[in-house]
Amino acid sequence: MSGLTAFLFVLVVGLIAFFAGAARARALDDGKIKAHSRPQYHGAWAMLLAVLPALGFLIVWSFGSGAYLNKQIDERVIAQTSEKSAVSDTLVRSLADGIKRLDAPANTNPPATMSELMPLLAGKGVTLAPDTQDYMIPIALDANSMASRFGWLGGLGALALAVLGALYGIRQVAVRERARHKVERVMLGTLFSASTIAILTTVGIVLSMLFQTIAFFSEVSPWSFFFGTVWDPRFAAAGSGGSQGQFGLIPLLAGTLYIALVALLVAVPVGLMSAVYMAEYASRNVRSIVKPALELLAGIPTIVYGIFALVTLGPWLRDISAVLAGGSPFIQAQSILTAGLVMGVMLIPVVSSLSDDIITAVPQAMRDGSLGLGATRSETIRRVILPAALPGIVGAILLTASRAIGETMIVVLAAGVAANLTANPFEAMTTITVKIVNQLTGDLEFNSPQTLVAFALGITLFFVTLVMNIAALAIVRKYREQYE
Amino acid sequence: MNVMNEQKIEEAVKARMTAGTNEVIKMRGDKVTVHYGEKQALFDVDILIRENQVTALIGPSGCGKSTFLRSLNRMNDTIAGCRVGGKITLDNEDIYDRAIDVVELRARVGMVFQKPNPFPKSIYENVAYGPRIHGLTRSKADLDEVVEKSLQKAALWNEVKDRLHDAGTGLSGGQQQRLCIARAIAVSPEVILMDEPCSALDPIATARVEELIDELKQNYTIVIVTHSMQQAARVSQRTAMFHLGYLVEEGPTEKMFTNPDEKRTQDYITGRFG
Amino acid sequence: MTDITASSLPVAAPPARRDIGLKKRYAAEARFRMYGIAAITFGLVFLAIMLGTIISKGHTAFWQTTVTLPVTFDPTLIDPQNKRESDPSVLIKANYDKLAQQALISKLGIDAKSKPEVAKLKGFLSDSARIQLRDMLVANPALMGQTVTVPILASANIDSAFKGQVDLTVPEARRKVKDQQITWMNQLAAEGTLAEKFNTGLFTYGASSRPETSGVGVAIVGSLYMMAIVLVLALLVGVAASIYLEEFAAKNRLTDLIEVNINNLAAVPSIVFGLLGLAVFINFLGMPRSAAIVGGITLSLMTLPTIIIATRAALAAVPPSIRQAALGLGASKMQMVFHHVLPLAMPGILTGTIIGLARALGETAPLLLIGMVAFVANYPATPFDPATALPVQIYMWANEAERAFVERMSGAIIILLVFLMAMNLTAIVLRRKFERRW
Amino acid sequence: RDQIQVAGSSTVLPYAKIVAERFGETFTNFKTPVVESGGSGAGIKEFCKGAGEDTIDIANASRAMKDSEVESCKKAGVTDIQEVRFGYDGIVFATDAAGPDWQLTPVDVYKALAAKIAVDGKLVDNPNTKWSQVNSALPDWDIAAYIPGEKHGTREVFEEKMLIAGCKEAGGIEAATASGLDEKGAEAACKAVRKDGKAVDIDGDYTETLARIDSNKQGVGVFGLSFYENNADKLKVATVSGVTPSVETVASGEYPVSRPLFFYVKKAHLGIVPGLKEYVEFFLDDQMVGPEGPLAEYGLVPAPDAERQEQRDAFTGGKTM
Amino acid sequence: MNVMNEQKIEEAVKARMTAGTNEVIKMRGDKVTVHYGEKQALFDVDILIRENQVTALIGPSGCGKSTFLRSLNRMNDTIAGCRVGGKITLDNEDIYDRAIDVVELRARVGMVFQKPNPFPKSIYENVAYGPRIHGLTRSKADLDEVVEKSLQKAALWNEVKDRLHDAGTGLSGGQQQRLCIARAIAVSPEVILMDEPCSALDPIATARVEELIDELKQNYTIVIVTHSMQQAARVSQRTAMFHLGYLVEEGPTEKMFTNPDEKRTQDYITGRFG
């Protein structure tokens, strides 16, 4: 029995348990004592009892039996060749899979040599590794039969567990039984585990960068990384060790914050005003067109924005500035301004759509209250609605800022990759993310500090944004306004 | 119940009898109709609202009192699908005229709603909001004074004076309603529309608000929706009775409560109605 | 009714008008409105510019120059030694280029013996003609010896030239299309043999090094797999997490930690999620490289914060009175959430989902490290097989040296945007259903 | 696993794609290999992760594998690596097609782009702002050069073959040693590129460089020979030391700026991954990698006949690093 | 305070003893305190709530009536920072006990809020929601019947029977409140807590609700907060007077309104208070 069939069977048992449990609960309810939970909950609890342990068993079993099978194959291969090869068990397994796909007699009793077997397999579209040996055929056959035996065992086991669970669940049904509690506790557990995924992701991210970061700091001093003002990592290749490059974080960090700031200066006012207009002034029809249209802006691949900045906007700004200054342009074709502007446009819908929903959710009574006092609509919006919607709007802005910090492609094309340290928004700068991507995807030596610095940058950025978020949370807490 | 009520009402009416009658029209409704989408909520309402008097709107729930009240300061504009027909004037100007400015109108015709709706701001900010937007005060001290006065008039000052900067939404239901009254007074409008301002108030606070209304009518014109006959009898000079979207009858409160023209009014007031 | 005498009453003299700064306030109101309109216009103008550029560059990608030729499957060319009975591989290895060339020669009426002339034919038809003819014959050996009319793709260069994208004023030596080829092209076009046809290949082909036979088929399948995974995982997990955090979690340090964490994850550069995917799913869990399943999970993790943030904001915006009403009726908290709060928060959740999905749909960087930025020619049968994604295909085409890929890139972007619009449309419909003011 | 997995350099990617596609077409019983992009470094890293089904079979690289990388490969159990050098990539300078003809020398490039240049035997900050100041034969254009960013292997070649060569010729080395630097420091000083915005690093691909030249018609870009050949109608190539770059001049060694391209094969996988051996042999066949093959047509500079034969023999002979 | 209350309780118990038959204690509060964060809103409230009787809670605004009411079905649990001390029992079970299921408790002790809060769903769905989640009906027809009955009892049926599937939020304020009452009744709880259910209602609807209360008390126990002394007098058997968070006095309604023990009660009832 394959895992999938077993799974389906377990589900069927679960369904039966559901209906049986519910039916029993209904039957027990004689109207004398008030039932604690509705029949559905009893059914659901019985179903959970039937399904959850069985599925757990099924998962553990399939991993366990798989591992056991591999070990068996390994041992027999070693017994045959008396040498340990890391890969021969995979050969046996693909051979076993191939044999399974053969037609009836051959799949249990295939020819004994590869030279005879090969054409048969080729006919089924199975390509085998050239190293597959004759002696592997019986092992593969055994493996197949063992696997099917394990499959049956596991399937039956799971089924038995499911039935037991179901019976237990159904037996548990009683008038005062708190089935709803139990079901809701399982639901709550599920909800809770969902929220821990965020934490697990964080742990995963930190772990997946930590070791390389440590390796990096063993070659480059943290001091020169965190406080260095020059970013010039050079090549490890040119005979020089990592120490020759300069890994100053400051210009990258400054660039990151600067570009994000410019992007926010574009996205937040424009997005917020769009949201306000859509939620408070525009008719329902206009809104239902404009809102998704703006959302399209978020979906245009960033490379398109980048190319737009590179070939259209950047040169245009440069030429304009040349005209303004009467001669030499003061805006470079690649500049913080260009990158921020384009990125800001991309981020408009993040602010506008989220804020629009929040603003719409502010109760009408708030508007009435203000309008009834003779406030104009804009006053109502500015003084009552926006403050009431503030926590949500701040969330949207945070999200926007986050996206601005994490964006790569636009920066690469619109602001370049040169790590300058400047306060002039008309010059080029670059960001941490750009350098993370570039150092990771280049032709650089993979265990040199030039590559490892990407991990250090990643972790640093992670903690920088963490601090920013903690600050933001504190601020939001302070200004939170709850309506009603 | 009826015996007790009638007694009360008579008492109140007698107290009124002595009041003089120099009457000037502040607002006027002329064949006012209101539709919510398909549904017509008001039918050809003709009414006069006299300056410096309190007009009470009474009638069973759902008869259109709030709807009419809202049409007096064009709060209906904010409800999608709501259309107002006929003509409503304030100082002889059609308030639905294009030349009329709705903001100014609402500053002149203030409103207290049926459900208390304080802003999610501090108590102080709630009251200061109106004066601020209309620029009615010159200085912080001025504003403080307006806030204090308004809260006092609304009989809330003592309860909140120590926590002016706490959230207005953290008050009890009745306190919230008084806050909303204070907020409306703070703008010193010419006409004040009150949609059951006392429904969430205890007798003491109600009495205070009634006193306040009595006081305010020296300078302002007041229209009040109420479900309490006693209240109508106590505070109003004129009473208008609505039923099923029609204005059944309008007249001096004494007359309405003692000798109405319409049987329906009589029935409603004595609670025999339904 | 109102007594008639009343109407003869004097009307109140309007009191002195208070100065409530109306002029200024209305100016402010008008300005505010203007800002709103300006903001929306700004966004829409940008959208129009972007869409305009994309469409003007990309619409030609949906047409492909095709030459319809009568091809003779000449046994003397395909199987000169007549061994196909004994050795079927002959059919596979035969010189099919020659067949196409012969067909073209006879169509154009060129002297087959003139070597320089024939040499110029090289690069007129797509290299893929070989495969096309081979597959035809292998599928139907009965064609041997027959003459069939076959639509054969012109090469990318001819295609560009025919679409007028080649600057013919440049000296011949510096162009990839030769003057003689242009003459032939015009000749065939006049006959109607060469024409633009709708480019179904763009949707069905996988990646290819030949512009004319490359398409987004594999990428679309890959993207669909991934979007399905993201939709299910990110939406379910995101909404579940938001519900827990907003409705159930005690307001304590742990909740704060999770909240800050989630906000922070939103700021993590997407490539770092690629690192995570590589480290956890491929290296640690042993999932296959270049597979949509890994891509989907990785993108889900990336999208999660967006959905959670949007969902939490939407949940928080549901007024407390609704919750109280439900609880007061004896609904459990779970019921309150699922029956009332969640439906009311739906528009916001949908918005978050759309924005998150839009990003996931257009993201390349995290896929780079898990091996999905790759040349994949075969369709993935399951999410566990190697696949690419639409943005990856766009990214890879953007970096191609051959010009013909530029229009394909824009074409692919159009396809991507159509995907997005479809998603948006669904969202509009759903949002309309759920949206309420109270 | 029944599909070959290749990863690595984006310079090699187009060639590998052509071979993979044709391999899939020719050997109908094998699936078309998957060729990932992602850079030589990342490719080699994946390659060196270990042997077995869940690791890649071939790493493409636009540079030779470093000793340290071979070391870590061995530590991870990838002991037998076969190196294949399958051709060369020419690196050319080009300007917009409408511009005048350019004749460059390493000295010009050094003087225009180095951070510090030797003037009268002393190192000074590069004072040049126009090409005509560098060499009066060059046009009177503001210096604006789009050179490969530091993530690219091409940058190394550019520094090596142009900057250092030009530096030596122009007496920069002496000037540097005179200012007290040791030999290494002198070289480093030679190849330091100016950072005042006149030399712009491009970390993207050549399409980005092309777009930059499109938007700044007076810019000079560094391209791969193959890219230039595919865009000859938009670009005008500069001669270096009088030699026009072409497949022939690079192959003959006349044109000085080029680099070899590699791929690395995991020997342990040859017996396990179906088709791997065939793929490598197919790649090295003259049909593919020869002067008449599609790779050369795309712009790969084929290795000389003897070298190609040597590579083939080395592979079939099982030679490992 | 305590001495007095204990006395009262003893008295009450005695009274029950003597009455013998119809006075059973349904709920009981024992030194109930409630804090909102720092602020204490209730102080040591001792009270008995008798089965099948109507207990009215009166007192000036902000005195803690709603707070106490909410603590009877643990709606306070939903307010962050709200802590309840002391002991409250229902049928002699401590409702703050861990073994008590708060959901079941609320199904048994239903609530109508001070501000009408219909769900943004149709009128029908609003009423049907409770029976649905508690599985009180077997079939659609059953459910229809429950909805109709409940709406009738809440005196709303005639007004809405033609638009059962329109939004509940589109009703007038009073209609909304009656809808909320209907919604609460539909669950048929044992105890019904009403927080000024009639404050938004006109006299007719009020009379209907009062009748309804009278009817309901045959089977249910009712606690009602009201600002109307008349209402308290009309509908309740027992009255409890709160002031500043303290329970001033509790007793049979007749006694409270004629001869209260406490001066404050006397003052409040006669409106002399403040």
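The chains carry the letters A, B, C, D and E, assigned in the order they are written, with residues numbered from 1 in each.
Please note the rule applied: a residue touches a chain if its C-beta (ideal position, glycine included) is under 8 Å from a C-beta of that chain, and two chains touch if they have at least 3 such contacts.
Values in this document were obtained by computation on a predicted structure and should not be read as measured data.
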item	value
Chains touching both chain A and chain B, listed by label	C, E
Number of hops, chain D to chain E, where each hop joins two touching chains	2
Per Cα centroids, the chain farthest from chain E	D
Maximum inter-chain contact count - chain pair	A-C
Central subunit by CA centre of mass proxy	A
Rounded Å distance between chain B and chain C, as computed from the means of their C-alpha atoms	59
Geometric centre distance via CA averages, chain E-chain A, whole Å	49
Gap in Å, rounded to a whole number, between the CA centres of chain D and chain B	84
Chain C and chain D, separation of their C-alpha mean positions in angstrom	32
Chain A, residues touching no fewer than two other chains	180, 307, 363-364, 374, 376, 379, 440-441, 482-484
For chain D, residues that touch 2 or more chains besides their own	38, 42, 204
Per-residue overlap in chain B, given as positions that touch at least 2 other chains	103-104, 107, 115, 133-134
Interchain contacts, given as pairs of chains that touch	A-B, A-C, A-D, A-E, B-C, B-E, C-D, C-E
Residue numbers on chain B that touch chain E, as the complex places them	1, 4-5, 36, 58-63, 66-67, 114-116, 159, 170-175, 178, 195-196, 199-208, 227-229, 268, 271, 273-274
Footprint of chain D on chain C - complex, ascending	92-93, 130-131, 166-167, 170, 174-176, 207-210, 282-283, 286, 288-290, 368-369, 371-378, 386, 396, 398-403
Residues on chain D engaged by chain C in the complex (per definition of touch)	3, 5, 7, 10, 13-14, 16-18, 20-21, 24-26, 28, 31-32, 34-38, 42, 46, 49, 54, 56, 97, 204-207, 224, 226-227, 230-233, 298-299
Partner chain A, residues of chain D touching it in the complex	1-2, 9, 11, 29-30, 38-42, 44-45, 48, 51-53, 61-63, 66, 68-69, 72, 77, 149-153, 155-156, 159-160, 184, 187-188, 191, 195, 197, 200-204, 208, 211-212, 214-216, 268-275, 277
Chain B contact footprint on chain C (complex, rising order)	1-3, 6-7, 9-15, 18-22, 25-26
